[in-house]
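Quick one: this structure, given as structure tokens, is what I'll be asking you about.
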Amino acid sequence: MLADAWLVAAKDLKVEWRARIIINQVAPFTLLIVVLFGLALDADPETLRNTAPGLFWVAVLLITLLAVQRGAAIETSDGAQERILLSDLDPAAVFLGKALALLVQLLALEVLLGVAIVVLFDVSVGDPLLMVVSALAASVGIAAAGTIYGVLAVGLGVRETLLPILLLPVLAPVLISATRTFGDAFDRVDADGWAWLGMLAMFGVIYMVSGLLAYGVLLEET
Amino acid sequence: MTHLGYLIAGWSIGLGTLAVYGWSVARRAKAAARHVPADRRRWMSAND
Amino acid sequence: MNPANHPAIQLVDAVSLLGRFPALAGLSLTVQPGEVVLIQGPNGAGKTTALRLCAGLLRLESGHGLVLGHNLANDRRSVRRRVGLLGHATGLYEDLTVAENVEFWAKASHADVKTVPSALSHLGLPARLHDLQVRRLSAGQRRRTALATLLVRRPELWLLDEPHAALDQEGRDIVDQLVADAADAGATVLLASHELERVAGISRRVVTIAGGRLVGDTGADTAKPTGQRDQDQARNAR
Amino acid sequence: MSSVGAASPQTAQAADYSVSSRGTRLLGVFILVSVPVLLLFAFVFTEADDTMEDAVRLLYIHVPVAVLTYVAFSLTAVGSVAYLWKRSRWWDTVAHAAAEVGVVFCGLTLVTGSIWGRPTWNTWWEWGDVRLVTTLVLFLVFVGYLAFRSVPAEPETRAKRAAVIGIIGAINIPIVNRSVEWWENNTLHQQSSLTDGQLEDLTLFTWFLGTVVLGAIFVWLLITRFRLAWLEEEIDRHGLVTALEERRAESHVGVEAAVGGSVVGGFQDNPGGPQ
């Protein structure tokens, strides 16, 4: 099953590497969000530093929407989703593979976003390890939930508008927890970031398990 | 009685919403029942 | 499942829906293992739906259906793993090359990747095309690639929806040969087409559907040149 | 609901399309009688609270509605699990009806809570409060659930996917609750007010009465909404029977066309194909 998951993940990443949708379109969008936040918050350095953790994760959620839609579009453009049903791939392996590919893309974009925030908002990172580990844990949960909801709206023709209202409320706990860990890592709030990391890890585990169990039900269109 | 405005607002919005919602569901159900043959509206005979 | 004990396909009064439209309105059809059957009928007759139902992709709304011995009501997954469906969509990834696509679907079907080059050349796709992205292919080349992904899987039941569409003469001959080879190897083939005269040569039995039901089932004798009939009968007797 | 409550069994004639049954009519009568009684208890018989003053009277509707919200969403989760297990249309309809009634109750929880919070906490909304934020997120999750259900889709597909959304939504409740609790653990909610023994018997009874009355409204709504959903599916099935007959009629007309009138070439022009 892990070999199958890797097969799917490698395929998704290869498609992305060829098509460059994430690199050419989503990455610039990422930078744009940072710039827009900077403009909206009146260029006050202290405000920007205080809100940086929250802005980072709101930006990640927006990017997630685009990446999830792109990931679902790969399968639906020419009936590939149906071919996956007709293949010997275990739905759980497909879920794992697509979540892994999404995770890799999210992490790459988060690095870009992190650099942009640190440089443009003049944030000093007090605890880089906490920042990296919590970003990793949060992204696992986001990738798992995103993959589940990515396939939910497939075949209904209204994916673009349905996805945000379904996915974003579910990701609210990640936003809360990851903002806290980053706040701690940036020395901006008096919170125990490492304790919040537990929450992120728990969220990741719950949604990974949910996806492994539910993906088969969701993949089957009729 | 203190806060009378809040009290009236709270209770009337609460009960009012439930009444309007209940009325609309009953009305929609009535309209839907017209298009269903009587023998397929099975709970009516089952419960009566 | 011993195929000898089961018809390859057995549909009894099958109803299947596309959305809320009953594309199949009580189709009954039995196909024996090793048979090559052509389904014909006008546009919207339900040919495509019939093939997709047999592939285990659609739900059986009512009626009964057995495909390769698996019940369509509760074991469509087993059906899906044993059939090869060429539908209207090719299921190829535009950004991957021809070889990458066929290799991916070979691996996804747990088939031998080493057969990929021979499958591609069998479909008349020269080596210079193998490393081309699918988005650069013509419609005919795409269909050949899609057929190659089926070939590496060696399905027990081929379900070909308009297999000749978009293909040139050479491609059509290759498809005909593919069907003949599959039948020789003991596989069952179901073709849907509205070009009766094009496909009549490769199929012994012609089934006509209209309005989602069977309206005609002519055995060997109407749609078959006499010369091949004996050959076919000998093949079926095996 | 008044119209249904007033309708007696004798007036129900063949031309009456009301979806009421004896059970819901009795429930309707009970609701019509008990709501004024509840109002009497909430506004006349009970005393004002020492700290909240008369604003406490809002809690007699707010708390029961909040409790029933969680009952409704739990029912959606139960219905969703049961649907995936039994694959029965009945459970799917239960989940759907409970979710819609739940969203109405959840919205009322937020509104009545907000109206109560303004005089008590001096704010319409308090981000630091666990239950407030949890309930809001919950509201949005199930608004999404209803949005999904309203999209035209094959009923079986929709039921399966909606079940997954319903279950995940329910799983989400404790997670959101935990995270918000950690986030700001200075809750403003009177967590102890029900248990610290300072309540008068009459106050407690009014709360109980409020739960019973609103519970009756909840049950009436749930049953009626269920019947509506059931009828809608019956209409759908009835339409299917008609469509099937029309489709079968085609097969008699279509025989000649099938043999003669085939179009050479394209495969794109087949409306029987997947869309």
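Chains here go by letter, A, B, C and D, matching the order in which they are written, and residues are numbered from 1 within each.
By our rule, contacts are C-beta pairs under 8 Å (C-beta built on N, C-alpha and C of every residue); 3 or more make two chains touch, one makes a residue touch a chain.
This is a predicted model, so every value here is computed, not measured.
Chain centres here are means of the Cα atoms, and by that rule the chain farthest away from subunit C is B. Of the two chain pairs examined here, A-C and B-D, it is B-D that is joined by more C-beta pairs in contact.
Spacing of subunit A relative to subunit B, judged by their CA centroids, is 42 angstrom. For the pair subunit B and subunit C, the distance between mean C-alpha positions equals 53 Å. Chain geometry summary: the mean Cα position of subunit B and that of subunit D are 12 Å apart. In subunit D, the residues that reach two or more other chains under the touch definition are 152, 154, 156, 274. Contacts with at least two other chains are made by residues 79, 221-222 of subunit A. Residues of subunit C in contact with two or more other chains: 59, 87-89. All chain pairs in contact, by the document's touch criterion: A-C, A-D, B-D, C-D.
Remark: subunit A residues 79, 148, 152-153, 155-158, 162, 165-166, 168-170, 172-173, 176-177, 180, 195-196, 199, 202-203, 206, 210, 214, 217-218, 220-222 touch subunit D in the complex. Residues 152, 154, 156, 236, 239-240, 243-244, 247-255, 257-259, 261-275 of subunit D are the ones that touch subunit C when the two sit in their complex. Those residues of subunit A whose C-beta lies close enough to touch subunit C in the complex are 4, 7, 11, 14-15, 18-19, 74, 77-80, 82-89, 221-222.
Looking at the complex, you find that subunit C touches subunit D at residues 15, 17-23, 25-26, 40-49, 52, 59, 87-89, 161-162, 165-166, 194-196, 208-213, 215-216. Considering their complex, residues 84, 137, 140-141, 143-144, 147-148, 151-154, 156-157, 160-161, 163-165, 167-169, 171-172, 175-176, 178-180, 182-183, 274 of subunit D touch subunit A.
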